[in-house]
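Same chain, two partners: chain A is paired with chain B first, then with chain C.
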Partner chain A sequence: MKSLRWKETLQQLFFVANGSGFIVVFCVCFAAMVTILEASFHMKMVIQNDSMVPGFAALLILKELGAVVTALLLTSRVGAGIAAEVGLMKVTEQIDALRMLGIEPVRYLVLPRLVACVIGAVLLTLIANMVCLICAMLVSDLMLGYSPAMFLSSMRIFVKFQDLLLAAVKGAFFGAVIPLVACHFGFRCRPGAEGVGSATTQSVVVASILIIVLDFVLSYTFSYL
Partner chain B sequence: MIEYRGLVKRFGDRTVLKGLNLRISEGEIVFVLGTSGTGKSVLLKNTVGLLRPDEGEIWIDGREVSRLSEEEYLGVRRICGMVFQHPALFDSLSVYENVAFGLRRHDRLPEELIRQKVAEALALVHLPGVEERRPAQLSYGMQKRVSLARTLALEPKILLFDEPTTALDPITTTAVNNLIQELSRRLRTTSIVVSHDMICALGIADRIVVLDQGNIVAQGTPREIRGSEVPLVQDFLAEVPA
Partner chain C sequence: MNHLAHAIDEIGRTTMFFAALLKTMFRRPSRFGDVVDQTWNVTLQSLPTTAMAGFFVGAIMAVQFTMQMRDFGALGYLGGLATSGTLREVGPLLIAFMLSGKVGAYTSAELGTMRVTEQIDAVRCLGADPLQELIVPRFLGIVISSSLLLGAGLLMSVLGGMTLGHLFAHVSPEEYVRHIPTILTWPSILIGFAKCAVFAVVLATICTYRGYSATGGAKGVGRAVVTTAVSTMMCLVVMDWVTSYLAEAVMTLARGP
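Then we have the complex of A and B:
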C-alpha cells in the first residue's frame, strides 16, 4: 500500500477529525436540544403527553441527525477545503507538473483524502451521536423531567443496535461523497481565482444535495433489511 | 527532433490550434511568440501529452506520440522537460524535495547522487542554499527558478519553456536566457521557448515562430523576422529599440 501515502493520509485525517470535532459536537448539541424541546412542545399540545419524546428523539438522532449534521458540516469545512486546494493545484499547473514527473494525480491526491474522510466521518458520526444522545438526555432531565434512567429505558424501546450500525454506514458513505465530489470539481477547475471559487461553491452544493438524497436511499434500504 | 503535422486542438466548439505544421531540429532554440490566449501553452501541453490533439500528429525522436497511452508517455516526459508558466512547485514539500521529486520518480537514484544533482541544478539557476525552505517562503522569481531547477535536474534532451521570464526582474531574465542558450550549446538541448519577449527572442533564438489565433503567421531567423511585413510581427518589433 505504498501508493496510499500514509503520512499524507494521516495529515488529512487530522485535518478532518481534529479540526472539525469541535464544530460538529457544538452544532449537534444544539440540534439535539431543538429536536427534543420542539417534539415535547408539540406532543404536549396535541396528545397532552410527551412520554414518548425521549425514545423518539433518540431514534431521530441516531438515524438521521447525527450522521447528516456531521456530514453537512464536513462538506462545508473539509469538502470546500479540498475543492479549493485541488482547484488551486490545477490552476497553478501543479497537477500537470505531477503528471510530468510520472505521478498519476488522481490516485496521488484522491486516495489519501478518500481514506481520511471515510475514517474521519465514521469516527465523527459516532462521536456526534454519543454527544447528541447525552445532550438530549440532559435536556430531558433538566427541562422535561425525565431522569436519565427513564430516558434510557424509553430509548431501548425505539432504538436497536442496528441503528448505530446504520449511523456508521451513513458516516462512511457521506465521508466518501465529500472528497470525491470535491476532487471532481477541483480537477475541472477553470483558470483564475474565480475558477477556484466556483469549483468550491459547486462542490459544496453538489455534495450537500448528494448527502441528503443518499441519506434517504440508505434509510429506506436499511428499513427493509 | 520534434515535428507537428496538421495539429488541431479544440475545446468544445472553439478551435485553438488550427492545423499547425512545424519542424524543429536537434539543438535548435525556437521561440514561439504570440499574444495571450493564442494557444502557445496548449501547443506545449500537447507536446508532452498533458493535452491530446484532436487531429494531426506529433513526432518526437522519430516516433508518433500523440496516441500513446498515459504510461507510454512517461518515456516521452522523461526526455522532454517542461517548465510551466506558473512555478507549479508542490507547496507541501521543501525546495530540496521539489527538485528531487522527478529524480526519485523517474530514475530511482541513490540518495547521495540525488543530493548532488539537486545541488547542481540549484547552482545552475543561481539559488544555492535554499534547499530546506518551503516554496511559499520564496519570492515569485525564486520559485520560478526552483521550478526551472526541478526540470533541469532531470537533464532532459528537449526543454519546453512556458514564459520562463514573464514577471522576472531584468537581471534574472538575462540569467535565464543565458542559461537556455548555454544548455543548447553545451548539451545540444533542443528548446522551445514560449514568450512575449521579442527582444530576448531576437537575441538568442535560432528561429522565431509567431502564432496568431492558432496559426503560424510568420517564422524565420531573427534577421528574417526583423524584416517581416506581417502586422502582428511589426507590433512585436515596435517594442524593440532600433
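Then we have the complex of A and C:
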C-alpha cells in the first residue's frame, strides 16, 4: 500500500472519472431511450402489450448496457490517453531513465493508473446505471405513458439488488482491462510518432474486444449465480 | 457556456466539411481505383475484429434473453427475440463503437500525420485538390466497407446467438432459426441495415474531418485521435436514437392510424 503513489492515483482518478463523467452520462441517456423504444416494439410483437417493458428494459440496462457502454467510452478516452502518454514516455526514453534511477516503471506508472481506473470505472458504471434508469423512466412516462411509480413497481418484480452489485463487478473488471492493455502497448511502443499512433490504436481495439469478450464471460458466469 | 459554444462550433464545422465533401464528390469525382483500394484496405484490416465482436455481441444477447425468458417458459421465442433485438438495436451500436476505435482512429491518425507533416499542403502545392485526392476516396472507402463490415458483424451475431442458444439454453439451431421469421420482419432487417449505413457515414465524416483539421505536431495528432473516438461515439448514440425514432414514426405511418 505504501508503494502506491496516492497523489498520482488521485490525479488519475480525477482524469478518469471527472473527465469522462459528462460523456458517459450523455451517451447512456440516449442508449436508454433507444432501449425503451425497442423493448416496447418487441413486447408489442410477442405478447401484444408492452406492460412489462419497464422491467425488461431495466434488466437489460443494469445487466448489459450500463457497464458495457461506459467501458467502451472509457476505452476510447482513457485507454487511448494512457497508451499515448506511456508510449510517448517510452519513445522519449523516460521509462529507461526511470529504470536507471532504480524506480520500477510498472509500479511507478501502471499501478496508480490501474487503481484509479478500477475505482473510476466502478463509480462511473454505477452513475451510468442510475442515469440510464432515470432516463428510461422519463422516456416511458413521456412516450409510452407509464408513470414513474408504475415503472418502479414493474422494475421491482424483475430487478434485484444483486443486479446492481454485479454491474459494479463488471465495471471493476472492465476498469482493470483498460489500463493494463493500454500500458502493455505503451511499453512496447515502437520509436517515432507513428509508433505512438499505432500503439494507441491497437490498445483501443484490443481493449474493446477484450471488454466484449469479458462481458460475455461474466454474463455467462453470473447467470449461474 | 464555453464548452457548449465550442461543441456547437465543432458540429457546424463538421457539417460544413461534410457539405464540401459531398460537393467535391459529385463535381470532381475521385479515381475509381483509389476508392477500391481504400475499401479493400479498411475491410481487410477490420474484418476479423468486427466478426469477433459481432459473434460475442450475439452471444451476450442470447444469454441475456434466455435468462429473462426462462421464467416465462417462452424459450421458443429465443431465436426471434435475440436476433431481432441484436439486429435492430444493440448489434449496430456496439459493432460501430468497435469500428470507431479501429477504423476511425486509424484514419484520423493517418490524415493527421499527413496534415502535421505538411503532406496535405504539398498536395495542394502540386495543384491537386486534397479533398478530391485524399479525403473523398477515404470517405467513400470507409462508408462502403463499414456498411459491409457492420452487415457482416450482424450476420456473425446471428451465428453467435445460435451457438449460445444451443450451448446455454439448449435450443437446437434448427429451432432457433425456425423462430427467427416469427419476430424478425423485413422492416426490422431494413432498419438494422439502415442504421449500419447511417453509422458508417457518421464515422467516416468525423474521422476524416478530425484528421484533416489536426494541428500542432505529434501531440495534435494524438489529440485528434482521442477526440475522434469520443465525438464519434457521442454522435453514434444520438444517431441511434434518431434512426430508431424515425423508423418508429415511419412504421406508424405505414401501418395507418
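The rule we apply is simple: the second predicted complex is superposed on the first by the 222 of 225 C-alpha atoms of A that agree within 3 Å, B and C clash if a C-alpha of one lies under 4 Å from a C-alpha of the other, contacts with A are read in each partner's own complex, and residues count from 1 in each chain.
Everything below uses one rule, namely that contacts are C-beta pairs under 8 Å (C-beta built on N, C-alpha and C of every residue); 3 or more make two chains touch, one makes a residue touch a chain.
Owing to the predicted nature of the structure, the values given are computational and were not obtained by experimental measurement.
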item	value
Between chain B and chain C, more extensive residue contact with chain A	C
Which of chain B and chain C A:M45 touches, first, second, both or neither	second
Chain B versus chain C as contact partner of A:A97, first or second or both or neither	first
Partner chain in contact with A:R77 - chain B first, chain C second, else both or neither	second
Touched partner set for A:T35, first chain B, second chain C, both or neither	second
Touching residues on chain A, where the partner in the complex is chain C	23, 26-27, 30-31, 33-35, 37-38, 41-42, 45-46, 56, 59-60, 63-65, 68-69, 72-73, 75-77, 80-81, 84, 88, 158, 193-194, 196-198, 200-201, 204-205, 208-209, 212-213, 215-216, 219-220, 223
Touching residues on chain B, where the partner in the complex is chain A	45, 48, 50, 70, 74, 77-78, 81-82, 84-91, 101-102, 105-106, 147, 150
Chain B-touching residues of chain A, taken from the complex the two chains share	91-94, 96-104
Sites on chain C touched by chain A in the complex	49, 52-53, 56-57, 59-60, 63-64, 66-68, 74, 77, 80-81, 84-85, 88-90, 93-94, 97-98, 100-102, 105-106, 109, 113, 168, 183, 218, 221-222, 225-226, 229-230, 233-234, 237-238, 240-241, 244-245, 248
